[in-house]
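All chains are identified by letter, namely A, B and C, in their written order; residue positions are counted from 1 within each chain.
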């Protein structure tokens, strides 16, 4: 690389690299190191004999590992569903609404300025056993007992996560659809393709990178999700993230929490790495 | 009395002379005067940042700023103190006090600097001690028992075993806490929590894993619990008396059990950080926290008990009196205070609960 | 032009149905903001405005709102600036560490915020940095960075390199080219990135709670208040107020935008 280019690259790359190094990499390395402690007692980094105790506990508790696998599965399901539900929204905004799409997008995102916790509490009023939906169905005679699975269940967790992610997943799909050359579609039309064929054979394949990027964008954080399960999951809707949170936030068992986090990070990174290898995501990035 | 001091400047001189001649041993005077300035940093739970929660301190030293940072749970407060929180005074609850002592995060208290110390019953004072030394002052206390809807459970409840009763399937709510769960298991089975064996822990884990099928949700905040009980979704719950008081105020038909195994009780403690730079302010703060005038605000505001018996006598709200059984002087004899467990045990209980929640 | 599908009602209904679902809980909150009771459950107990008066009287709540706005604004600005640098570096240069940089940049998306929060707490106490709004802002910069980066990278994918070459051939330095050619053209993406980073920071709780000093942000204050039933209504009142103000600002801007004469659309070199 010519010196000129190198200088420019350094100037551009150093600020973000330094910032991330200080406030992301270093803390995470410290935390990983903390996972090799036996307990929280004693000063932070003195009085410390490295040990694999926490990993022994983790790997020796099948319930934790099964929950991790389950959480990955839930994340996958949510990613697929959210992307599917988001696609028509993205299509509508890019091909029908067109120039005014910005307004429609902002309208989609404004609710996210309201505390997530409050919005979920409000949903409980609607979906809970004594809530509006059940009251309506009961008084209409359609059911004889309130449906308890609408809330405080694993189903509720999946539904809520899909509901929350759909507006966000629409964004990368919108970005990709926007860049599709209309000339291609016109050419297909003039060659006699029906609207459905035009979509299926031109638009859809070209939008695939955006779809994939959106799905990955949902999948990654959902594996470690804990807020939604704690709000709507009930007794059996816990995900792996809840266990991590409990170790940090309830029993002050930081080493074990750190070990669980490290394992989850390694797994997620591995999965995404394998996926991007398969789909050549970096081709999309350039 | 403070206002009259300003109006009659000779009064303090008289009082000083009288106390000097008094036979009673008086506490050492603090160096603070009414126009003391400075900032006192406190790490506390949300709700206690209001000036009503340290009203006498504020009145005595109006120029001192009390700066309150929040903790979300005992584990959160402990973690923040360990990480060097800028807090002179902090507020843990029973079950955690010895961890602070072991990590040298708290300083031993000189109770002669706390003028209201003699007003506090010995039972409460003892809970602030670790290894016989006074590290904390007690402040707030309350009960844990079973809160239930009287219209859904007409027969009443008299045992902790109700939390495991299949009759209430889908309508039970337990607090999301491992140590709390283990404590209840020991009550039901009659074990000693501080000497719990592995076999007993395994049995407790099975009890709670089975109970999960009957449990609607684990509550972590009282609003979640009370809205569930008001909506009729929850009939039977592990609850503190604050929830009882709230639901009484909303005219929901509820009762607070007196289980045959005994209720559980907890006490909130205030301690001074070992790195506190303003110990004078801290001692004055702790001292004023023990006054009955301040205590009344706590009781009226949160339906929590205060350690100064004089405060209890001043409460008039009938729901609160009911919730805290303030008219029953023997109620504290029939309750069991949360014991101290070791870090190993705390970790064991935490992992037990994690396994209960993770079980497929 | 692509012909508009004859079944034109399906897609719009889908969008508006989704929007209705998104705003439904907010409507519920609105109802309870005026309910004379402290529990979020039916039946309603009468109309009252006292939660709003309590809200404005709660100085700590208003201060935490101000803190959140300040922190979010600062953090999102820095995050967007850093993300712009990073996106240009990644999209215009070939270098060996590119994969690593991207993986690290996207890390905040993987890591549960509670883990990130604890990690930062450990780091700050090891380094000896006291916790404050500054530390929250620094943490939120990290949290918002991947979102801004992804948006900018997506924008730069189709960005025609020839523009920059043309500008430099005409005598501009590289930095002038960036400043006067690239940045203006990707300005909408920068704005989108900034807005996303702002939104993420504004409602972020888990990390902020760990690295908070004496001054809380709104979510930290809110979540702590939710411990007590009596405090819930004023929190709901605050939420509905924020919603109302946001929508009001948004529609006002929209109306103003329509009022002004639209300038001729700049010919974008990017193929639509």
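Please note the rule applied: a residue touches a chain if its C-beta (ideal position, glycine included) is under 8 Å from a C-beta of that chain, and two chains touch if they have at least 3 such contacts.
Quantities reported herein were computed from a predicted structural model and do not represent experimental measurements.
When the interfaces B-C and A-B are ranked by C-beta pairs in contact, the top one is A-B. Averaging C-alpha coordinates per chain and comparing to chain C, the farthest chain turns out to be B.
Chain A and chain C have centres, each the mean of its CA atoms, that are 16 Å apart. Chain B and chain C have Cα centroids lying 38 Å from one another.
Measuring from the averaged C-alpha position of chain A to that of chain B gives a distance of 38 Å.
Shown for chain C are the residues in touch with two or more other chains, namely 40-42, 118, 122, 125, 223, 226. In chain B, 72, 76, 79, 82-83, 223, 227-228, 231 are the positions where the chain touches two or more neighbouring chains simultaneously. Residue positions of chain A with contacts to 2 or more other chains are 44, 121, 124, 128, 130-131, 248-249, 254. Those residues of chain C whose C-beta lies close enough to touch chain A in the complex are 1-5, 8, 11-12, 14-15, 18-19, 21-26, 28-29, 32, 40-42, 78, 81-83, 85-86, 88-91, 93-95, 99, 101-112, 114-116, 118-120, 122-123, 125-126, 138-139, 141-142, 145, 150-151, 153-158, 174, 195, 199, 202-203, 205-206, 219, 222-223, 226, 235-236, 239, 242-243, 246-247, 250, 254, 270-272.
Contact residues of chain B toward chain C in the complex are 41, 45-47, 49, 67-70, 72, 76, 79-80, 82-86, 221-223, 226-228, 230-231, 242-243, 246, 250, 301-302. Of all residues in chain C, only 37-42, 45, 60, 118, 121-122, 124-125, 130-131, 209, 212-214, 216, 220-221, 223-232 touch chain B in the complex they form. The touching residues of chain B, when paired with chain A in their complex, are 72-76, 78-79, 82-83, 99, 102-103, 170, 176-179, 212-213, 215-218, 220, 223-224, 227-228, 231-233, 343-344, 346-347, 349-351, 353-355, 357-360. Residues of chain A touching chain C in their complex: 1, 4-5, 8-9, 12-13, 15-17, 19-20, 23-28, 30-31, 34, 44-45, 85, 88-89, 91-93, 95-96, 103-104, 106-126, 128, 130-132, 135, 163, 166-167, 171-172, 175-176, 178-179, 181-182, 185-186, 189, 195, 198, 210, 213, 217, 220-221, 223-227, 241, 244-245, 248-249, 254, 257-258, 261, 264-265, 268-269, 272, 282, 284-286.
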